[in-house]
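Both complexes below contain chain A, partnered by chain B and then by chain C.
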Partner chain A sequence: MTMQRMALFRLQRKYAPYLFVTPFIVLFLLFGVYPLIKSLVLATYITSGPKSHLFVGLENFRFLLSDPDFHKAVRNTTVFAFFSVFLQLPLSLGLALLLNRELVKGRDFFRFSFFSPHLVGQVFVAVLFSVIFIPQFGLLNRVLHAVTGLALDTKWLTNPSLVMPALILTSLWMYVGFNMIYFLAALQAVDRELYDAAQVDGASAFQQFLHVTIPGIRPVAVFVMVLSTIGSFQLFELPYVMLGNSSGPEGAGLTVVMYLYNNGFVSGDLGYASAIGWSLALGVLLISLVQMRFTGTWKREE
Partner chain B sequence: MYQKSAWRWLIYAVIGIVVIIYLMPIYWIVVTSLKPSLDIYTKVPKFIFKPTLANYAKLLPGHSDYLQQLLNSIIIAFGSTLLAVALGTFTAYAFSRFRVKGANDLLFFILSTRMLPPVVVVIPIYLMYTALGLRDTHFGLILLYTTFNVSFAVWLMKGFIDEIPREYEDAALVDGYTRFQAFRKIVLPQSVTGIAATAVFCLITAWNEFAFALVLTETGGRAITAPPSIPSFQGASGIDWGQIAAATFIFLLPVAIFTFVMRKHLLRGVTFGAVKK
Partner chain C sequence: MPTNSVKKQLLQVALYTALIACTIVMLTPMVWLIAASMKGPDDLFHYIFFAPRLSLHNFRQLFSDIPFLRFLMNSVFVAGTTVLVQLFFSSLGGFALAKYEFRGKKIIMIVMLATMMIPVQVLMAPLYELIYRMRLVDSYLGLIVPGAVSVFGMFLFRQSMLQIPDDLLQAGRIDGCNEFRLYWNIAIPISRPMIGAFCLISFMGSWNSFLWPQIILHTQERFTLTIGLNQMVGLYAQEYGALMAGTLLSVLPVVILFFLLQKEFISGLAAGAIKG
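Then we have the complex of A and B:
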């Protein structure tokens, strides 16, 4: 190798890595770090449209604490997150356990059909369920009427106390199958020999489930739980499409992100909307940290 | 033996019911999209009807902008997927092979920002795009979706590239290949699976994105994608379900075909690389 080539080689060794990484870092700073800081700054202003703004310090956050609409949004979102996550997980796991039995054939087909809501996406699912929930003609009322005799004119989307159950039902349809894919994958990764050993030791099926399956799938279960929680707290598409801008009767479908959208893009107070965004981010972060702490995954991941 | 086969029937029955619940709406979409509008609103669902393409005809240019919106979706989703995967692969390669200062901290930091709800940044991005004239442009949305997906792409691709033995490249480098040549001729061909898995995930995310598209485009604008256009499919006489069903079915096709082609790699993509089978 000539001296020149050696020098070039050395130069390349030194700078090539940074050349590879730079575009990524630039994008990340531009669309990740800058907007985050900017939105924190915005949260300290009262704005009316993009042009006029007034510095108010922490006033926006203080106002949030006493804003009844925000409280309602937080309450609705929390109820939604709680029920959708804690109904989703056992159902997904149950379904995965069924599919994981050796005698079940055609797993790929099942997996694909359970994944299909994800291809359609939230907006189209929302449109679809708006039809399913229609009184008289809707699929759900027809089925419930036939099976349980429930009134055909049950108004899922216009009766305040039924709005949340309707949204939770929709999200169950969307996510139970999707999360099942994670659980199925986790179940298939559990070492067969552990079951054999447990069987030799005389463990019942339930004991095996408790002491082999559960510990084996725990990391994935925690992962699914944390992600579902984060996702649930961002509920927006479903109520936006199914209930419209007004968030349903008596604001029964008002969620935190809906409230952010209404404040920022309907009333034009970008500052207040930013404060809502940051409160949501902090809340979600706190909940995920608690979940990870509580389930002890933190140490294991390291 | 008898007991086992009873179990088997029970399991299949439960799975069968769940599959029906999952496929019913898709069935509904297809059937409704082919029904004459009079047959959609009947008290008892009509199973026998004369299929018509009238609902699809209503989507053609002149009647609606839907095909243009769909084309926007295709340009933006596929464009951003291509960029995110390319950039992700490059970056992952660097993180995998070189000692970049503080790489681990950086990766962890980037990953943890994925835990934040993206709506936190919707307002600053709205302002930024307004100031730069990027609102309602294809380029603007492509750039945004690329950013959404790239950190995930880096993470996923790093897992794949870490598995490719370094020895091959070392040999190539000794033979006088440059880094880029080694990357192109050795690493790329071996990461096809990873690229496919990453692409499926990025495409689905970009294809279905709603909130940012809603805020950053105009109704009836140049770059509006299909998802935010759908809720406005309401004529004077209320919602035209036949038309919506037809629109949904067409919307499903590109991503369904892509996912079907990539189905072997789907699992690893959606499980963030956690599952290798």
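Then we have the complex of A and C:
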């Protein structure tokens, strides 16, 4: 009896880890790995809804290369990503530097108020800002009119050249404090003794920033940059909801994911949508690799 | 020439001015949202912020003219279920990856890492086809099941459970605990901070998700808040007050959850960044 129980105990011990990962593996294979492979296959078909397929080989990708709407989507998304990295991240770092001073009282309050917009999901931010941006009565135009004299009927969401600035402004509000949290954590992890040593050597505040702070936070900075680039290239909800489920005036708010959604789930061509998806994935991967290379992430590991 | 302490004070003043200015900019849209929700239709654009008389008109309209309550309940159900399911599978799997050596472990980790680099939108078309063949289009099941696993959560739990001492687990075994009880009675209680952080991350992910529900939900009765509110923008474009009240009520649950779990969340986020 006890022998049997011992054997059973050993048996459950041996197979427990497999049992523990099984639900995860099954779901992951079914809803992660299978669709990933299937999307490669789908990308070589033209489809009309989930039922009818026509094999076209690499035709979808060739068509993408000469598709003016796709070009527009890529251009818009790239502009958005550019500003996300080169405007938003320096501001995030700036806020983190302000908060990182030891003398700041009420740091928790400031940190929360900078971070709080991130709690609002993209769709809800989009609805809120679509009203904030309306001409004549919207909050933004009223404030800008009072402060800078900007015309009250500035049409943020219907003037093609203002759509992108409006989107960048909105995402700035949403994410600047979120990224600040990462920078703040990194700044607080920099060894205090390095600053003391630099001070003894007579380094100015700016020299300390350049030679102690920047190298200290570099791994986190690269991490944040890669993450926000990937996130920016997935832009969809913000313009889609703000522009009333359209790509905006003259397609000024068309993004890659919006183009994927329109082709796959409005027109019903899941094949072309998959081709767009894979172009997005490869593009994002390539940019991430370039960023990591450029910032020397790999060199440090050698 | 200013003395050192005067210079220091000036710096303090400049610092706080900058911080307070940033705070005002960041909080103004939310304050405006609260104000706009509580203004009557005539006052909405008459006063920039709060009107002298508060009105519940917008909320009344939200619950009588629009199936807002239904959207809210749907979101609570879908997000609540998603959190529980993700939490269980991710922590159980994470426990196995952290505390056991078994065949195939390395491969699982590599495949997981590789898929984390791929934008989820790539999966949408084949996933829709799959859900269509499983006859789950326009159902809660179709909404929840593909999101039942979180690769990110699995990594998070593996990372935090690495710190559980092996001696503790061994002691449990000598006392006759089976492996599941080790997970349930030792690993889970120890991981409480990470559970708090993950609950918030997972809840926010489900609560705010739009693309997948927009793809598979067709019947208004099953709409979640994001889908319902987006539809409202189209149908009630001029009813700004009701839209703002709906937005405010949609944001509130996340804010409340954040205040309950903020300690765990901030430390979890920071730990992830430093280790990552």
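The rule is short, and it goes like this: the second predicted complex is superposed on the first by the 285 of 302 C-alpha atoms of A that agree within 3 Å, B and C clash if a C-alpha of one lies under 4 Å from a C-alpha of the other, contacts with A are read in each partner's own complex, and residues count from 1 in each chain.
The definition used in the following text is that a contact is a pair of C-beta atoms (placed from the backbone, for glycine too) under 8 Å apart; a residue touches a chain by one contact, two chains touch by 3 or more.
Worth saying up front: this structure is predicted, and the values here are computed from it rather than measured.
Taken together through their common chain A, the two structures put chain B and chain C in a clash. Judged by the touch definition given at the top, the superposed model places A:Asn245 against chain C, while chain B stays out of reach. In the superposed model, A:Arg192 lies in contact with neither chain B nor chain C.
When the two complexes are laid over each other on chain A, chain A has residues 12, 16-18, 20-21, 23-24, 27-28, 30-32, 34-36, 38-39, 42, 50, 95, 98-99, 101, 103-104, 110, 112-114, 116-117, 119-124, 127-128, 130-132, 136-137, 139, 142, 173, 177, 181-182, 185-186, 189, 220, 223, 230, 233-234, 236-237, 241, 257, 260-261, 264-265, 270, 273-274, 277-278, 280-281, 284-285, 288 in contact with both chain B and chain C. Only residues 9, 12-13, 16-18, 20-21, 23-25, 27-28, 30-36, 38-39, 42, 50, 95, 98-99, 101, 103-104, 110, 112-114, 116-117, 119-124, 127-132, 136-137, 139, 142, 173, 177, 181-182, 185-186, 189, 220, 223-224, 230, 233-234, 236-237, 241, 244-245, 257, 260-261, 264-265, 270-271, 273-274, 277-278, 280-281, 284-285, 288 of chain A touch chain C when the two sit together in their complex.
Against chain A, the residues of chain C that register as touching in their complex are 12, 15, 18-19, 22-23, 25-30, 32-33, 36, 44-45, 48, 89-90, 92-93, 95-97, 100, 102, 105, 108, 111-112, 115, 117-119, 121-130, 132-133, 145-146, 148-149, 151, 154, 173, 176, 178-180, 183, 204, 207-208, 210-211, 214-215, 226, 229-230, 233-234, 237, 240, 243-244, 246-247, 250-251, 254-255, 258, 262, 266, 269-270, 273-274, 276.
Looking at the complex, you find that chain B touches chain A at residues 4, 8, 11-12, 14-15, 18-19, 21-26, 28-29, 41, 43, 45, 87-88, 90-91, 93-95, 97-100, 110, 113, 115-128, 130, 143-144, 146-147, 150-151, 154, 178-179, 204, 207-208, 210-211, 215, 227-228, 230-231, 239, 241, 244, 248, 251-252, 255-256, 259, 263, 266-267, 270-271, 274-275, 277. Of all residues in chain A, only 12, 16-18, 20-21, 23-24, 27-28, 30-32, 34-36, 38-39, 42, 50, 95, 98-99, 101, 103-104, 108, 110-125, 127-128, 130-132, 136-137, 139, 142, 173, 177-178, 181-182, 185-186, 188-189, 220, 223, 230, 233-234, 236-237, 240-241, 257, 260-261, 264-265, 270, 273-274, 277-278, 280-281, 284-285, 288 touch chain B in the complex they form.
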